[in-house]
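Labels run A, B, C and D following the written order; every chain starts at residue 1.
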Amino acid sequence: MLLSAFEKVKLENAPFVSMGFFAAAFVMQLTAGNHESALYGSVFNGMFVSNSFTQAAGLVIIGCGFFTAMTCLTYFKQNNPCTMEFYSVLFFATGGMLMLTLSRELITSFISLEIMSLAIYILVGYDRKRVTSTEALLKYLLLGAFAGSFFVMGSALVYGGAGSTKFAEISSFISTHSAGTPLLIGGAFFIFVAFLFKVAAFPFHAWVIDVYDGAATPVTGFMATALKAATFTVFANFLALNGAMQKEWIDFLFYIALFTMFGGNLIAIGQSNIKRMLAASGIVHSGYLLIALVAISTESFSGSVIAYYLAAYSVGTLGIFAALSYLGGKGESRMSFDDFKGLAKVRPYSAAAIAVFLLSMAGIPPTAGFMGKFYIITSAISANQMALAVFGVISSILSMWYYLRLIIIMYFQEPEDTFEIENSIFAPACTFILVFCVFALGLYPIVI
Amino acid sequence: MIQNYLILSVILFCIGILGVVSRRNVLIVFMSIELMLNAANLAFIAFSRFHESMDGHVLALMVMAVAAAEAALALAVVILLHKHKGKLDTDVFSLLKG
Amino acid sequence: MEHTVSYLGLIPLFPLLGALILGVMHISTCTGKPFSEKLYGVLGCIGPVISFIYALIVYFQLKGMPADSRFLIHDAFTWFSVGDLHITMGFLADPLSSLMLVFVTFIGSLIHIYSVGYMSGDENFGKFFSYMNLFLGSMLILVLGSGPVVMFVGWEGVGLCSYLLISFYCKDTDNVLAGNKAFIVNRIGDLGFVLGMAFLFWAIGASGFDYLSLRENSHLLTPGIGLVVCLLLFVGACGKSAQIPLYVWLPDAMAGPTPVSALIHAATMVTAGVYMVARFSFIYAHVPVAGAVVAWIGILTALLAAIFGMFQHDIKKILAYSTVSQLGYMFAGVGVAAYSAGIFHVFTHAFFKALLFLGAGSVIYALHHQQNIWKMGGLKEKMPKTYWSMLIGALALAGFPPFSGFFSKDEILFSALASGHTGIWFIGVAVAGITAYYTFRLIFVVFHGQPRDKKAFDHAEDAPAVMTIPLMVLAFGALCAGFLNLPGIFGGNLNVSHWLAPSLVEHHPHTSLTVELLAMALTIAIIVTGIVIAYKKFASGAEEPEYTGFAKFAYNKFYVDELYNTVFVQPYKAIGSVIWKSLEPNVTDIHVKVSSWLYRKAGTGFKIFQVGYVRVYAVYMVIGLSIISLLLSQSLN
Amino acid sequence: MFAEWLFAAFSILAVLGGIGLVTFRHPMNSAMSLVVTMISLAGLYALLSAKLIFAIQLIVYAGAIMSLIIFIIMFLNVRTEDLPEEKGRFLYLFGGVVVLAPVFFFLKKIIQSIPATKATILGDGFGGIKEVGLVLFKDWLLPFEIVSILLLVALVGAVVLAGKRRMSK
């Protein structure tokens, strides 16, 4: 269904066309209907299943793609010129993510995951001239492939244990046997490792900071949002395939979530580069999403909390990366905290927009981030995970430190820079649309 | 009987991990990852034999294809790295840190 | 639901949108060249006018419906939901809110149009209109809200805007202080409102927290809780509507531009308290004691403010105290369970008070921001249009028949008498006399006699049409609004009261015609006396008197501000400074500082782990892996 | 009996190859050890009656992919001086073994939980080209299709990253 839209892109290559495709795909996804249905059930053997959750996740992913394409328009005006392939690779990545959300089979998931990852490796290393970009590519590729092989080993073990890699059959195996069979435990564990790596959960997080730092800013935004959305969707789908499965892993995820939140916070505090700080705060957000995973109720799994948080987080993160893309200047020369001193005096709008995004990520009402956190905390409480809820709140208080630090620097210090930027409206426009989205989502929370 | 194959698979897998964590040469790290994938393939085939279904064969086939794709990209990266520094040492590439 | 109409949400939306657009326009040009005032003016007025049109549509739609089911609902969206509680951003139009709606938007629009003239040349023209639109939008949310929570949103919005507008001329510290005072006093009231709301929710809010469901459940309220709720809500109303003891902010609020004063005093903000009490009439009706408290506080405020009003010499302060005094009447009305009379007084008062303020604004404008009435005089010849319209306003305010104020005031006084509150009636009649006196003192001193400041007098002239036309429209309103609710003895049939009846819970007491006529005659006599005294004293040009004794005491507002200052503000400040100087750095801050230092160190320490070598990152992964493996293999057995 | 001897031989070869891969200093030597491992793995596949996979392992993996890797090594003309010193690699390896031990024992424990069954004799068709092909196109069409996308991505990626780039603008 969606694939057809993406294959065509090899023919047409302008960024506008790609934005058009994203918009078309968004509309299609929106109108696709949100009932539980297997796509081409007879031919694909139920390996693709769409429901309201995947639809929402798909919307988030396509939206991310759209805004990334928009941001890139501006970004590439003041950085190394890109070639047409950039956008096609962006499409491949998006397509891979969409397939990842839809897939209900381990190897299909793996292949989708690899499509997504390979495409993103390419995006990360796109700027061949820059050593840092190549370095980021190297780190990401090596560790990503490393984690991927865990996924394969995990699926092999699950296959050995349950006799199939289809979610439906694994589920029926679990209901007749138990989720505690050693093969399933081991297999699921290795698969989790791969997922946790992709979402940069502690202790599989270390790559994320360097890679975000090295990649081009819009690409970082894309990675931080769409990739996380896709991975969390499949993660939740896999975890929720059977209630027993999720119960088996609650404790494990509990500690991972805990360490992820606090580890991420500690790393973020020490950073002096905004991109690195955001990367570290992305780890913290993964921690919140893990809380949501702990708290999903498998009886009526709809993923609405996760989908909402993903949307809220994506809007904020994309926005701030869009702003950084055009404020970064030539060759991303402005990236540290000190470079943004007194931004509010020179560019009040951009500073206000960044402040809005930061506040949203910190979870201040009435932004989307607040509602997202609110839902996560309430879902944790209703799942009797009081401790996690409390830790989530504490962590979000800790995170104020570094978010507010940037706001303070922007507003209460004297400008040293004139913030000359390329005159292109796309990224700023994108930023302001996203500011609007932050409030729209915050005030009008669509509970899917 | 089947365990032996699987133990072998596990041993190879762990050797692969060892290679990744202890070597600095990019190519060797890549090959170690290939080794890990191969080990997983062996597990697939062995389980396929165990369950007496051919699904595992198909899965192994897929993994091979993925491995090939990954290898292609990885080798492109190796060339890129070599162009930059003329070296294949991962430790040379540590500008991003802290 | 058949009563759902989606455009209800649009009514507050238009002014809010206007505020947003104007605000953005203003900010974007605050360093460079601003947009033309025409553009701002048109944009600023268009929102209120559209809202007014919609308000009329709502009104007529309601009118077309059967009397017992006159309400329209629009739930824009679910605002938030906690457990079973769903708070919707809902709007409700029933007879009560539609009446408020019509005159708020009508008078609001007029004031906006007037402001185009009054504010011309101000550097913050755009900002002013942005705030005004925001103010009106918040007021409309307050009026239209379908439940206490939504009302509170508007309530706070109005409070914020009043702060912004009162301290609009923010270069002058006094103005900012006045804004602060308004804000702080309002906060005290808000606290009462929030507490009242919380109690109400706790008592009967479980099955829906909007007016309609609350009304259905109001019989569940025990008298004790009902009393608490009523009194707490009334504290909120006191803050917003400037009643004893929280009236002190309103006279100071004159620091803002005159159209703002008009907007605050006539159409918006201060009437919110009355509206709120009427809205909750289903609770107040159950608790007569609370009603009596409200009525007594109201009438005492009326008396006090009227006495203050007699001795002021700032034209706007006189009007401000008259507002406080009239608000007292309104509360007396709603307090004696004559809700429709109270609301009707809100309605007529809106017309003549807006008229008087805008007229005063014209005078001030003509005299280049001279506000002292003892520097004016004889302006009748120079500014005839202003004079005549203000005269109508003054007659209405004094309650001279057949001007609008007469009917509404008389209705309140009569209700008080009929419901057995003779004391309230008595004070009310006296206050009516005082009102007539100070109103005409103002008129005579400003417009009659000889000019006291020749130079200013020579330059004075009627304001441009954009300002006088709204004056005339309002004058017409002040003249005729009273006939909408003509009592039975004049052959009318209390249209407004009947219109409002479905929204309110009230009973009309009956007394004999003779009593009613006698009471009315007495009132009129007192009013005429007041006017005559004023005429004798001031019509032929009196000089500024030296105040001594009681007059001085009253001129200084019984030193209430100073009293508050010494009793509340200074001790508070003293405690604050003690805490700030000694307690905080040594006791509380030390923890904060130490923990923040630790925190930072921990963050920097953590940086060491990001060494930048791929291998090491892989090692982290494997270490994590092996630890978890270890734990998992433990659990396998 | 014969099969067990074969298994022992192949597995020892495979493990030796793997150890060689991680210990040799020069990538060329490592690559050759990997080839050894892969060929012995192919033998093991044959022992598990996976005929098609046996062939593909030999042709694609040991043949194509490994020759690609070796080609790259040659192409880059890696000299011994260019290689990282890695004097302490045995120390690292030893440390790695220590760290990895729990993982290994965990996996071992899992595998030992599998009930030991005697291998049954399978029908002729098991693992043949036709049979696997049928399964592939009947049940696993979707992964097969999207693998093609994956290969396309890899192709584009290789070109973008390492190929000549025509610069626009």
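The rule is simple: a residue touches a chain if its C-beta (ideal position, glycine included) is under 8 Å from a C-beta of that chain, and two chains touch if they have at least 3 such contacts.
Computed from a predicted structure; not experimentally measured.
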item	value
Central chain of the complex, centres being mean CA coordinates	A
Computed distance of Cα centres, subunit B from subunit A, in Å	26
Inter-centroid spacing, subunit C versus subunit A (mean Cα positions, whole Å)	47
Centre distance in Å when subunit B and subunit D are each reduced to the mean of their C-alpha atoms	7
Between subunit C and subunit D, centroid-to-centroid distance (C-alpha), Å	78
Subunit D residues counted as touching two or more neighbouring chains	96, 99-100, 103, 106-107, 109-110, 113-114, 139-140, 143, 147, 150, 153-154, 157, 161
Two or more partner chains touched - positions in subunit B	6, 13, 16-17, 20-24, 29-30, 41, 46, 50, 55, 62, 66, 69-70, 73, 77, 80, 90-91, 93-98
Where subunit A touches two or more other chains at once, by residue number	107, 111, 114, 118, 121-122, 125, 128, 137-139, 142, 146, 157, 160, 182, 185-186, 209-210, 270
Topology of the chain contact graph, where touching chains are joined (line, ring, star, complete, other)	complete
Complex contact set, residues of subunit D against subunit B	7, 11, 14-15, 18-19, 21-22, 24, 27, 30-31, 34, 37-38, 41, 44-45, 48-50, 52-53, 56-57, 60-61, 64-65, 68-69, 72-73, 75-76, 78, 82-84, 86, 89, 92-93, 95-97, 99-100, 103-104, 107-108, 111-112, 114, 116-120, 122, 126-127, 131-132, 135-136, 139-140, 143-144, 147, 150-151, 153-155, 157-158, 161-162
Parts of subunit D lying in touch with subunit C, wherever the complex brings them together	96, 99-103, 105-107, 109-110, 113
Contacting residues of subunit A [partner subunit C, same complex]	138-139, 142-143, 146-147, 182, 185-186, 189, 193, 197, 202-204, 206-207, 209-210, 252, 263, 266-271, 348, 371, 378, 398, 401, 443-445
In the complex, subunit C residues that touch subunit D	619, 622-623, 625-627, 629-630, 632-633, 636
Contacting residues of subunit C [partner subunit A, same complex]	27, 77, 79-80, 82, 596, 599-600, 602-607, 609-610, 612, 614, 616-618, 620-621, 623-625, 628-629, 632, 636
